[in-house]
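What follows is a structure written as structure tokens; I'll ask about it next.
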């Protein structure tokens, strides 16, 4: 479609026909205040805060529903527009409880932001405010406060338009309006927590994150959700070195603005009690703490002794760099027995891929699979196992394999938690870290390589897996240990055409496509 | 008596419905027959030339509206008849629906023919059970007589008309709120664009016309444009049904020639004058949403333009008359309670503002207000909207603002007195009764 | 005229001898010594006599309760945020009632506190006040981290009798308004 | 020497070997001085503690404060509380010091002043060591005081103490000359180095050409009258010798932290403190002896003693008359000394501190020439009057 040229606040901008003024303004970097408008949802036009003045139009117009026209002259900061906005702001606040001190949204609340920007410092409203139910449990995950709600209906529209479920509705009329779980329905959408994110005020809050911390104390880091191979971009919030919440980060190529609840809530393992904090070796049947030097030497000796007979299970939850370094070791040992443990994850049409391994595609590109004559995981149970390397993986859910491993003479485990596998079969345990504690990259289901950033620091003496695998590789004579994940990725890029030219810096915030075809 | 009624010319007395046969005997459905012989564009053209303006209040030319229907979209086209006559002071549509329903049905079918629709929905107010019954009975007759249905008058053209009963929300009288309601959703007005003529019911082109507007269509087709334009002037063509209520001797409705009838005549001639021999104080000419006119401003014809020039709107022609004993604070409290209660709550200014207005007026009414509350009331009204504000999707907020602003403009003294004397007379009388009752209970 | 030379006055012999001045000074101090030259007794006998604290005095920050005995703090953490020496640490918790949140942990490290009063100023609930308490001592560092209970104890003295305004009584007001409007649920 | 040894002997008159040993000892020439040593050795620290209290209370009064008033009546026991504190405080010896000298320095600060007090006559019969060269011995011993400051500063191995120590050493040596020269003038007048002679010389009235003037001249017989310039120089130099205001350069807090004893804490610091006050007592005692007639009071001391003696009980196993006389003389002596000590305190809280160059200029270019000139004048005077 042809482009349309218009002027916004004295600056010309050219946008495709059909664009709305608010979007055109955003293109210029002007963020017209808005509550109900969300780029991922249909226009509702009910908050009335995005009013702008358009020359030639007698009344102020909502910019979210105003299509651009050739030669249109828009003022977002004219006295009329500002006055209209201020008027709406005043009305939004008269029945708002102003309980920012107890509201989790404080700090990332649009109402606060706009109030600060152009709101009044007092109120002309001297009546008791309209009271509505507070702390209503919409579901296990979402808590609702009707008094704070500004009825923008983003939540209703999200569930309807994106999650495909009419689970929320509006009840009552006028200033007694409330969002409510629709009659006869339950809020069960697996994407329901997105309504907490898109709620511009504190009406919808996450039951999980409720009252945990004020958001301004959070150290916010952009990284990737490790729960499935979609690789949704997330912003992780941490405080006291504890990972407190994940919220989706916009990436139009991956997850747009959303993420699923299960991924969002799967953060418990980071601060779990059973995290490994020191290397362990088995002496007289018991695992005892040791130094990294000793543990790495024991691991290298064990691997060297096993040689080509080593059974290796490499996790597709490891980063590309780590998979590369692990492959380097396995190639040096010459073992054809290598496999990835599949991990099931519910699948749906929106985001969930059905593959619970966040780097399944990376493992595929790097060829972590049985070589000719090698035993895959399926064949582990049958015959005796001499030595095994569980690289970032456990077999807690496969007791029959654990039985077989228990008889092995050497089992090296690199993992972040003291799993049953560690307790039962490990000979040497190297403590690794979770994906929230290290640098690196995942390749998502579409072949997009996306960057991980450390959010919290690992407990005790645990080391990033790339470092462990690098040092282990160095002991086994397959080259110097990389000094950073970036160095590992550059080495990977040099070795694998699919990753050619990549470095952590070049991945940027949104990631880059790996050359898929080359890998296939 | 300057006018021969057109819409109501053969109407039976109140309480009785004109049957199909009576209607046909009086020449009914001739227009339909005639229309079936015309091209749809010709019908539209006639209506356009007749210049009939929407009788629902906005006064938008019906013919123009019909031309907005996009052609060849592949989507069905719908006609919605707005019979949700919920504006306080209005009861004219009811006369048509209950007494001459076939006129409306004929109008609907002709309109469908004109815009290319095959379904018409008459969205009737839930509080009008008689109207609903009359319409449904008439529809059954029409369907039986082949005026409505799969084969309209043997032309092979299918057109059906449905009566949809509302559930009692004022906002469903707003055309897009009405559409939402017909679709089964919450009666929320929709943002425009897209206009309903492009995207209405279920996303299809939909024309929404008022009952009286559609009732005028058979008259135009039957009598021709020139005959239609014999009544009214260039601004307001045809006759208008007007409901007169309030402090008059004979409240009721009347069909008038708007160009030849002033508001004063409506009151003094058609309604028998202000009751009890009192003097007139104020008139709301077009239903409760329009600005009030003081007694001095009512010597104007009842055309859209003339009433607008006088400072108000002809609106939906519900003339509310108030005599000299009326305290305007009492009246405004009543209105504000209504608009607060009826705000759908979609747009911020209306949702929050109507409640604020009610609270403020109530405070003044109860004598708890201060002089500055009167200014605040005016200022809050400006904050919420007004005719030139455009701060809300529909006009409900403005409907609350317009009376407020005009009441304060013309009758500020009443508000000042309420503040100074500790409440409006009605409130003081009520409070006094309460006090006496309390005293009596103790004594 | 960059500078002006000021001639010093020539001193007389007696002045150069300094002795008269010295004697004069000694006479002056002697006068004070015997109590004739000054205001002996302005010293306050501290533990027995105490200073009349001015209204703006900033002592130990403390938490106050409303007239119904409910803690006013809702753990909004603004004081924690504004505190220049990072003396305050708060862990919020959820509670039942018309106000949903209260501090689970509210610690002020009095070894860090600089008595600036920012916490009092920033508090949106008027829950934290600089008390008139200034006698703080302890034998361990832990002892000088004042916990919630201690802070409420100090703050209690700032209750209605000490003139801290509390006409609001948030809990009561909210409960009343909700009752009037028939709001249930939540 | 007098009756007291006898009297003491009587208290241990019962038989036995130890008794005989005791008797032998008591009758020896050592017993009485040793007793005095015991008394003075305890009284001086007590006096110091009193002085500290007086200084603090005095300074407080001068500054319109109250001073220590918590421990004991009027805070009299404050010093003991402080002592307790000093004893129980952690004794920090920095790692970089010369340990032997570091520990020695505070001891040297205390011992010389105490020894010097042995040569001072407190009464006609009350003195520990009646040395013929009393004044020389006194100066010789008290001059050792400078070593404590020097060593303290040097052994601390730290820059401020070193500077403080060097300054103090220079100051003390400089002013010691003026001190000695003015004392020399007194000796010239008295014609004896024995301090008891100096005292007695001030108590017998003026003698001009071998002719004693009338009793009225007793009132003018103190050296402070005969040697006004010398007395002033001696007093000023005495202030400087004891590092007192306005000459407290060695520990000038604002410039040198705390001067030579910056690195000292706990009891070691307290010893420096004690030494300083003991030195003050020595200087005051010497000034009393040299210029204020020592234990005499224009002959009144004898009149009083006689009156008391007449009303005293019969000599029993204690010779009360002797005791009373000793107490009376000592009382007169200490009253004068204490008055002087008050002047020390008084001056400290009145005058500002000298600048170091001013201090040196005063010592070498004013006091020394002045004292030398006065010595010459005295010599002439003595020659003429003899």
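Labels for the chains are A, B, C and D, by order of writing; each one numbers its residues from 1.
Heads up, the rule we're going with is that a residue touches a chain if its C-beta (ideal position, glycine included) is under 8 Å from a C-beta of that chain, and two chains touch if they have at least 3 such contacts.
Given the structure is predicted, the values throughout are model-derived calculations rather than measurements.
Interface comparison, A-C versus A-B: the higher number of contacting C-beta pairs is recorded for A-B.
The most central chain, judged by the distance from its Cα centroid to the centroid of all protein Cα atoms shown, is C.
Centre-to-centre, using mean CA coordinates, subunit B is 118 Å away from subunit D. In whole angstrom, the spacing between the mean C-alpha positions of subunit A and subunit C is 46.
Work out the mean CA point of subunit A and of subunit D, and you get 86 Å between them.
Measuring from the averaged C-alpha position of subunit A to that of subunit B gives a distance of 54 Å. The residues of subunit C never reach two or more other chains; the list is empty.
In subunit A, the residues touching two or more other chains are 130. The set of subunit D residues touching two or more other chains is empty. Interchain contacts link the chains end to end along an open line, per the touch definition above. Those chain pairs judged to touch are A-B, A-C, C-D. In the complex of the two chains, the subunit A residues touching subunit B come out as 43-49, 51, 58-62, 65, 67, 84, 87-88, 90-92, 94-95, 124-125, 127, 130, 150-151, 169-170, 172-177. Within the complex formed with subunit A, the subunit C residues making contact are 74-78, 80-81, 92-94, 98-101, 124-125, 174, 177-178, 180-181, 183-186. Per the touch definition, subunit D reaches subunit C in the complex via residues 58, 60-66, 346-347, 349-351.
In the complex of the two chains, the subunit C residues touching subunit D come out as 22, 25-26, 28-30, 32-35, 38-43.
Residue ranges on subunit A touching subunit C, taken from their complex, read 99-102, 106, 128-136, 145-146, 210-214, 216-217.
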